[in-house]
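Both complexes below contain subunit A, partnered by subunit B and then by subunit C.
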Partner chain A sequence: MIANESGSAAATTMILLPLLLVVLTGALELGALRAVAYRATAAADLATLVAINDHDEVEQTRSGALRPSADAEQVARAYFAMNLSSTAAALADSPGAIAASADIAVFRIAPATDPATGWTYARPAVRIVARVPVRTPAFRALLLPAVTTVTVRAASSAR
Partner chain B sequence: MSHSSERSISDLARDERGAVALETTLMIVILIPLLFAIIQFGWLTQRWIAQDGVTVQAARLAGELGGDRDELRTYVAQQLTLVGIEPSRAVVVVEPARVGWREPVRVSIQTSETIAIPFVISLPMTVASTAVARGELQR
Partner chain C sequence: MRRLLVAAAIWLATSSPAAAWDPDAVPEPPEPEPPVVSAPEPTPEPPSTAPDPTGDDSGTPAPVAAAAPDGIYLVTDTYVKSVVTTNGDTTTYTTDTKHETPGSYARVIAVVTSGETSTFDGSSFNGRATLPNGTPVAGVYYENYVLTSSGYVAVSIVFFQDDSITRTTPRTPPSSAPEPPEVPYEPPTITGPSEPIGSWSPDDRDREPPPSIARLDVGIALAADGPILGATEVLRGREVRFWPRAFSGGDAVAILSWRLVSQAPDYASAMSGGAAPLVAEWRQMPRASWTLVFEVTPDTRPARTLIATINVAVRSPALIN
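Let's turn to the complex of A and B:
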C-alpha cells in the first residue's frame, strides 16, 4: 500500500514538474514582456514630453499662447525611436520602424478630444499610440506566438 | 508467517522513508533554488524599473540644465538613494556633457548587482538604463 503511494508520489512529481516548468516559463516571459512594455511606454512618454516642451516661439511672442512647434510630430517620432533603442534587442522590429509606424497626433488648439483614445486635453498636447512587437521566444516553446504586440499610449500637455 | 510479516512491514517502512527522502531532496535541489531565483530576479526587475525611472527624470533635468552639471549629479544620487540604490555604485554618463538648444542629450546609469541562487550560481549582473531628452537651454 505504501509502495503504491510512493509510486503515486513519483507519478505526481513526473506530471507536476513539467507543469511547474511550463507555468514558470510562462510567468518569466510574461514578466519580461511587462518590463519591455513598461520601457516602451516610458520611451513614448519621454518623446511626447520632449515634443511638447518645444513651443512655437513666434506664436508665444505674438499672443502669449503655448503652441507646439511645427515639427512636434517629427521630434516625437525621432525621440521615441531614440528612447526605444535601449530595448532594441527585445523588439521584433527596429526602433526606427516602430516609431515610423506610430500614430502621433499634435493637438495645437485646446480643449480637444482625442478620437483615438477618447482622452480630453485642456492644453495643447502631443499624443503617441504605438504598436510595439516584442520577441517572446519562451511563448513559442509553449506553442504561443513568438512575437507579442504591445500597444503603448502616451500624451503630454504644454505647461 | 509472522517473520514474513515483520519483513514486509520493515520493507514498507523503508519505502516510505525513501519516498520522504526523495521528496526532501527534490524540494532542496529544485524548489529552493527556484524560489530564490524568483525572488532574486523579481528584485532585480524592480531595481531595473526604479533605476529606469530615475534615468528618464535625469535626462529631462539634463535637458533643462544644458548637460552634465553638479545639480544633476546631486539629483541622481538623491533619487537613487530614494529607490534603494547605493549612488556610489552607480556609473552616470551624460553625453554630451554640454548640450545645446534642441540637441539630444543622453543619460545612462549603470549599476552592478549580484544574483545569488543557492546550490546553483552566483553571478554579477549589470543593470543599465538609458534615456534621451532634448536640450532646452538657450545659451
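Let's turn to the complex of A and C:
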C-alpha cells in the first residue's frame, strides 16, 4: 500500500512540475513587466512636471495667467527620453524612438477635456500618452509575445 | 538519572499555571472602578452658524467658533483698489470691488462722513484718502475676519471710500431780475469746510496754471511697460517683479516712490522703493492667495499717494490623476 502511494506522488510531481514552472516563470515575468511599467510611468510623470514648470512669461505679464511655455511639448519629449534611458535595457525600442512616437499634448487654455484620456484639466496642463514596448523573453519561452507593449499616461499642471 | 529528577523538580517548582481559557467558566462581573472625582465639564460653545465657504464635507470636524462678532457676514465682494475720478467740476472717490467669495468674513466697524475723524484712521491697510483741502473722505471701515478652529480672528481693516466734491461757480440770478452788471471772474471754489484749491483767475495767466485733478489710476504690473493686473499667478520659487504703475488720462506717469504695506512674501527685495520694482519670491508651500498692497506715489502735482493692490496665487507643478 505504501509503495503504491509513493509511486502516485512521483507521478503527480512529474505531471505538475512543468505546470508549476510555467506558472512561476509567468509570475516572475509579470512582476518584471510591472516594474518596468512603473518606471516608464514615472519617466512620463517627471517629464510632464518639467515641462509645466516653465511658463510663458509674455502671457503672464499680459494677463497674469500661468500658461505653458511655447516649447513645452519639446521639453516634455526630451525629458521623457532622458528619463526612459535608465530603463533602456528592458525596452524593445530606444528611449528616443519611444519618446518621439509619444502623443504629447499641451493644453494652454483651461478648463479643457482631453479627448485621448477623458481627463479634465482645471488649469493648463501637459499630457503624455506613450506606448512603451518592453522585452519579455520569458513569455517567449511560454509561446507568448516576446515584446509586451505598455501604455503609460501622465499629466501635470501648476496647481 | 538523579540530576534529571532534580532538574524536573526545580522546573515544576518554578513553573506557573497557564492562563488557559475555560469555556465552561462563568465570567465574573468586572470589578467596579473607584469613582473619580472630576470637575464638571464645561458647556460647549454653540457651533458657528456661518456656512463653510469651502463646502468641505469630508467628515473633518468643523471648527467650533467662539462668539461671532455682531454684524459679521460672509464676504462676497473684495476690495480691489481705491479710485479717484474727475468729471467736470466733480471729483468722486469710490472703491472698486471684485465679486468673489474668498471665504473670509467682515463686519462694519465705522461709518465716517466727509471730514470726520475716526479712531480707525491709520489702521486700515489701504489708508484713507483726503480731499484736496486735506480733510479725510467719507466711507466705511470694515474689519476682516478668518474663521479658525479657535473662532473668528480679525486679520485686517479696510476702508471703502465713498465721497465726492464739487467745485462751485457763482450762481446765475433769476432771469426776472435785472441783468446785473458784469462782474469780474471769480475763481471756482470747493464746497465743504475747506479752503478753495486750484483757484485761478485771468489775472494769474502769467503764472503757472494750477494743477488739474485728473483721473489717476494706479496698479501693479509685471513689467515696466506691462498692463496693470488685478491678479496674477506665480510659480513657487520663482522671482517675480512687481512694478507699481500710474496712469493719468491714459498716459503713464512716473512713480516717485512706493511702499509695500501688506504682508511681505518669503523674499522681498525691499519694502519700499522708487523706480525699481519689488522683486518677490514665494518659497513656502503656497496658501490660498496673497494680496500685495502698495502705497504708490506717482509724479503728479499735487503729490498724491494711492493704494494699489494685486492678488497673487502661488502655484507649483503637480501631477493630475
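Assume the second predicted complex is superposed on the first by the 159 of 159 C-alpha atoms of A that agree within 3 Å, B and C clash if a C-alpha of one lies under 4 Å from a C-alpha of the other, contacts with A are read in each partner's own complex, and residues count from 1 in each chain.
Convention: a residue touches a chain if its C-beta (ideal position, glycine included) is under 8 Å from a C-beta of that chain, and two chains touch if they have at least 3 such contacts.
For clarity, every value in this text was computed on a predicted model and none was experimentally measured.
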First, second, both or neither for A:Thr13, with subunit B first and subunit C second: first
Can A:Tyr121 be said to touch subunit B (first), subunit C (second), both, or neither?
second
So, does A:Leu49 touch the first partner subunit B, the second partner subunit C, both, or neither?
both
Practice problem: Could you look at A:Ala99 and tell me whether it touches subunit B, subunit C, both or neither (first, second, both, neither)? | Solution: neither
Touching A:Arg39, do we find subunit B (first), subunit C (second), both, or neither?
first
Touching partner for A:Val152 - first (subunit B), second (subunit C), both, neither: neither
- request: Could you say whether A:Tyr79 touches subunit B, subunit C, both of them, or neither, answering first, second, both or neither?
  value: first
Quiz item: Who does A:Val132 touch here: subunit B (first), subunit C (second), both, or neither?
Solution: neither
Residues on subunit A touched by both subunit B and subunit C 45, 49, 53
As the complex stands, subunit A meets subunit C at residues 45, 48-49, 52-53, 55, 60-66, 117, 119, 121, 123, 125, 153-159
Listed in rising order, the residues of subunit B that touch subunit A in the complex are 12-13, 15-16, 18-19, 22-23, 26, 30, 34, 41-42, 45, 48-49, 52-53, 56, 59-60, 63, 102, 104, 106, 128-134, 136
Within their complex, subunit C touches subunit A through residues 221-223, 226-227, 229-235, 315-321
Contacts from subunit A onto subunit B in the complex sit at residues 1-3, 5-6, 9-10, 13, 17, 24, 28, 31, 35, 38-39, 42, 45-46, 49-50, 53-54, 75, 79, 82-83, 85-86
